[in-house]
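Letters A, B, C, D and E mark the chains as written, and numbering starts fresh at 1 in each.
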């Protein structure tokens, strides 16, 4: 047998034929770059047709004026006028709120932060991502432990993420709806949160109160996203590294800081990156809890103009939103490029 | 501070018993080698001392404290792991300085020590490399350096030199011995390299199937193995074993008889015993003058020759028609004998030769229990008086 | 089918040159050992043959085909990795059968082969274990089994036995040799164990800093090393080196002179040379009768004794006041000599002894280039006629 | 440990008595920081459990309270109406919507994991020119609010986009009321997240294991699916769960790409909204439906978590 | 790649959103002979009663070969609007019939997205609608050219519901209730009565509950009612409701509008409010109204915790049910601020009811035979018989005022008892000023009005801000 089959493998390998085998062979012999692009092709085609092509179309829409009457979707070609109007505030009337805040020279350099979509969005983003990351971390640390019943705790912690936004909105809306929810009182008979001065008695009509509650609701739901990713990151760490660290004398905290943290950093960064992007596009929870009039986010502007329908303006705001997100993301990438993203 | 004691320690995994009722008493400052076949429980023992594995039964002491359940960080041990386990996200410098940084040493001290350790393991100039940019041996050296920058009470080293070349290994051995002397710490060392075990250790602990077989100074293990297992395990190539019986006139087997008075050695006649003789204690008849107390001549045919440079291994067939069995299913091979001769000896394959055994280096073991009965027959004979001389004169 | 050829192959990583213009021509069915210090490029060479690393320059051939850019799967090689690389999500059976399953062998055939391989590496009964439930040596054996279940044209084995105990290693060696004979495949084998390299290989390739130093049968490498590096690297403990000059009367150094006629060896007078002598070729004066062609006596003091069981290493100090330097920064140590003597020799530390060298086993190297000039002076003298005898009679 | 302590400190026993239970605990805690850690751990666990589960409890309270009694709610349901879980199926064929969501979710998840695996492999393990730019480009797609894709996609999927190839003009097919116009946009829009997740996870798998697989005879893709993917199980499972959940609960595209009927592949949110009247909102039914709707996801999470928490690389390498 | 159907690339003169999309070609009015199934995008409630509605259509003379398939669109009206927007813009042939909110039919008309019924239906059908249907409803289905684009399916008018039992405690009698059912009271009276009742029923928490959240319902309806009842208007008189955009006065800064805000502020914050309206009794409405939409505001009333409640007829059916208040539920028109004579603008003042309701429109992209079949559906729906059936089936109010007088209408359970009040409401219905820019304007209105009601801005300030924004929006579209 032995001599017969001597190097039989190599032979049988090349003997195998047919279109499948030749395709495999062809792929294996590609250079690394060619191979990379080949593997990316399906994703790029999908993204090209379903994302890039629509975006190109939408971008061209942003160069046309709005058209409210007649069968045409858009008005005449106006070039970048929509963009100019948006930044000069000349288009604010068509939006649920101002796009940019009015700037002043004194701290905090803007007047009435809650009346501009940009500020509302940024506030939401900063606080929700911050708390989600912290809480997600905490949750992941717990889920990483071995204890009885942890599978159920895990489900419990992750399950808010599985709630549709409409229902998430309903849950929190009802909690803070006067005369329905118990978390809200009346002027005469205030509830705990009212007494603490955290929220007024009609929080969902007040921008600041609503924003606060929406952040809480979002943190409730989305911490699970963070926890899930961070947990997965922790699970991928080679356990023997902890053995080494333990013997070297590392306390739990030191193990966390010197092993866990650096090794899950790429995962955490991806999670934070996408949470930031998502948070900057927040819409659903606002719509279902307080409404775009009360808490105007950038996406609110897009959707409400889209529904108006002011397609030119909507496309413009969408692209400007994307540009702002790109700006924020580039800050991330600039700061963390070294972490292997 | 650095004495380590295991008291009736066992470790069971589901259906596997990795360590079985182990008792070890290691003095402060001792250099102990753990040796034993693959899977015998050496690493598990180390892990229990380090605190990475909690014994299923028994107690572990370091210094005066019982540490059985103490976390590793409080045990004052440093360890070189068998699987190396470098931190992939740290460069060599950070890997080596890890333990020091944990303890907030100041920067210069860290740098001094890291450079010193890198020097010892000959990794100067590679401190900025990442682990995945290094060769296997280089990684192992980083792991060693990571352990030796610290000054723990106990060093645990699990095959630290396995991936190093012979020269570097000799160098590292010297360095470890120097370190041992300098710091006067306890070192517990796993190795598969007999030379390492022989030259470095104060005592060798031989383990088999989770059980301690013998713990003694190297030469005692070599010259007076406690049982068949130790005899066969220590020494490379392995000791020759021949199964036989004790008769009135001594040891008798298919091919070889050795005369002595059983009463002298305190063995009852009829007991089944195994005779052990190391390859270097088998001599060609022409070299008989080198042996003070040779056995009678044994006829054999040379089979395979293995020139090793500094010696030649000669496989001898004792029964002409017997097939040489190369697989070592039974520990004793009555039809075969391995001999080592000087490299300049003129010898050819498939020729008849006569050999003698050095009687003073013959070992006898109880075949059933494996326990050693006697080491060296000559001395027994000499001490025994007339019967001994009789036996000798019989020759 | 299984011959492997490297033509001017180099591999550069950023600023490191791992392999430097390597030329290797390995015949079908040959058993080649790659040896060399840690980090010299052995693994990189293997990886380039396997197709895991693409050479920066040069070409690789397997069989008649150029495979420089061919993917590993089409090269018909099996490899045991230095870092073992078991698939942690598969049990032992699945790990071993991985390659067979890929090739759609039928179930019984797979089972037959896996059982056979498990048998060879003595892992019967562990086929259901996961890698993390095994000891280091057991893992390594799984890696070996994974390679040997297949019938590739070329086996690449990167320190496959590093984590095995001596006995098992001997067993595995025999098994691998049997496999080699049976399958008649090419085996390229990295090892740091000299015994392994000496006994198993048809030829040994000695590599240093990415460059091939010598590729020759084991005894040729041992007895006629091509240069200082090979001489120092092959053999354990290492050869003694003494720096000196060639004078009219032969070799002269601080402590040792060897007489010969330089013209005979074709060396010009005044050239700086390094003399090499292996520890087993240094004899105590009382053993001089064992040497046919001894040098004159050399006075020395015993320093450290290292009893190894089957021999004793004796470190000799040549100059009384010189400190023994244990670090091997310079390859030559003119004030020290290592000698190995039989284990029963009566010898003590710190006593005066006289030793002689076996002239026929003295090597001379050009100090600057390291190239070997002559192996054995006796022969040179003998061949050279009167001057040789003269020199001898001078003694 | 505690035995040892009390054994050594014979004298301190009554001192501990005086200090009371808390004092005793503190005393022990100082000696044994692990206790503190354990305690902190339990406190945190309970805290997270309460905060994440409370809204669900609230949802259950609403579900069990008959709709017309949903006013001035306290912490307990007003009335007890388990029949709501039957009524919800009578009013709307909710199981069909769940089925739709499930199919949409699974299909999208498979597509996404497949494409993202390929891309994640490329970005995580290969070196080639243009990698950074491509990654940024793919990421950039997720910068856009979904509305920015709507009009062109709607036209594409309703047969209103035409490609002119010389004389022939090919219209895109009309896929309205089929799963396709949902599955494709979901896949495309969720792809960047999964690509990035898998890129980081695949990138962390040691090269040695891929090498071993390739020498054993797999192709590069074979190594990806036989070794890298299984070893990245936590990452893959997470990406899968995130994708599935996102699709399962999606509404923005799904409500424009079909007419909202269960027979037209409308997802569960469409089903939940079906309970809603022009003005009247049966919160109890919607709450009940959401509870039922979340169950499959909970089951999925239970299944997936086995993968998420399985540190698999142990014992693989010596390095 | 090019996109069919009028998108951005084609700029100003883009297509009409699909093939066969003539919106104004006459349709064959003969009943088709082959079997045809029509899709009708309706809502959940209608879809739930699909069989009964099909029966009603058939009873009303719809040929048997025409089957109507009801699709339950989203009940969230914004979602539906967005959905239709896409469907029609994308030139979809299905559904053939669309149920459109009277609040947003006009933008579809303006964008030529629905069939011009005046041009394509027989004129007698058109005149039936114009002559016999609730005028306000019809007005919201007309284009700028005066053509009719939708056939009102049912109107919706809010009324004031109250608890007779509680008011009896305050001394009011069934006689009063009878009067109130048709003769509206002023806000002064209303607030005083409510206060009285609150004092007489100290366990009742709220006096008057309504909806003032920041949402379309505030601008289109609640505030529109209050404002109009004080004789105010967003854009001058009724004639300007539907345009011309950019060419009509903006009148939100006028006194009647301010008074309406002041009135509400008084109701909520009391007579001490800085901007209280004289004559109004305060503190009868909770601050919560500022966050309430229909359902949250109804809950306390249904739960027995309020005396007065403004809401749509759907809630009459809930609150008038026997297990809730039954006969104790009273319904009256919304109170007035000033009488029509005192009002500055034609058609304002008096007991105003904001107009809701839905129209049936025809998808112009539908194939001819479907359009032909659709005509038969339109015809059947004009039958009084069908409209009464609908009233019975789901409480959908007949679009003809006359029908409400019929005996059959009176027999309809619960709501049948309150037809008088409903009729008054219907006669005084005021549509929202829906134009193409209304979606933008509505947001601004609700925001500013809510702010003013919440004491965050003075009425003057809020309305001046609002006027500014409305002006900009008007200008942008002209």
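By our rule, a residue touches a chain if its C-beta (ideal position, glycine included) is under 8 Å from a C-beta of that chain, and two chains touch if they have at least 3 such contacts.
Which chain is which protein? Per UniProt: A, D = ABC transporter permease subunit; B, C = ABC-type D-xylose/L-arabinose transporter.
Everything numeric here is computed off the predicted structure, so don't read it as measured data.
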| item | value |
| --- | --- |
| Contact-graph separation of chain C and chain E, given in steps at minimum | 2 |
| Among all chain pairs, the one with the most C-beta contacts | A-D |
| Most central chain, judged by mean C-alpha position against the global CA mean | D |
| Most distant chain from chain B by Cα centroid | E |
| Between chain C and chain A, distance of the C-alpha-averaged centres to the nearest whole Å | 59 |
| Whole-Å gap separating chain C and chain D, where each centre is the average of the chain's CA atoms | 57 |
| Two or more partner chains touched - positions in chain C | 71, 73, 82-83, 103, 133-134, 136, 150, 163 |
| Sites on chain D at which at least two other chains make contact | 70-72, 150-152, 206, 217, 219-220, 273, 313-314, 317-319 |
| Residues within chain E bordering two or more other chains | 1, 3, 7, 82, 89, 299-300, 305 |
| List of chain C residues in touch with chain B within their complex | 13, 16, 35-39, 42-44, 82-83, 133-138, 140-141, 158-159, 162-171, 174, 178, 192-195, 198-199, 218-219, 222-223, 232-238, 278-280, 290, 306-311, 326-328, 340, 342-343 |
| Contact footprint of chain B on chain A as seen in their complex | 238, 240-241, 243-251, 254, 258-259, 262-263 |
| Parts of chain B lying in touch with chain A, wherever the complex brings them together | 47, 50-52, 71-73, 77-79, 81, 83, 85, 87-89, 98-99, 101-103, 146, 150, 156 |
| Chain E-touching residues of chain A, taken from the complex the two chains share | 53, 57, 60-61, 63-64, 66-77, 93-94, 96, 177-180, 186-187, 201-206, 291-294, 304, 306-312, 315 |
| Chain E contact footprint on chain D (complex, rising order) | 68-72, 91, 150-152, 154-155, 158, 160-164, 171, 176, 255-256, 259-261, 270, 273-281 |
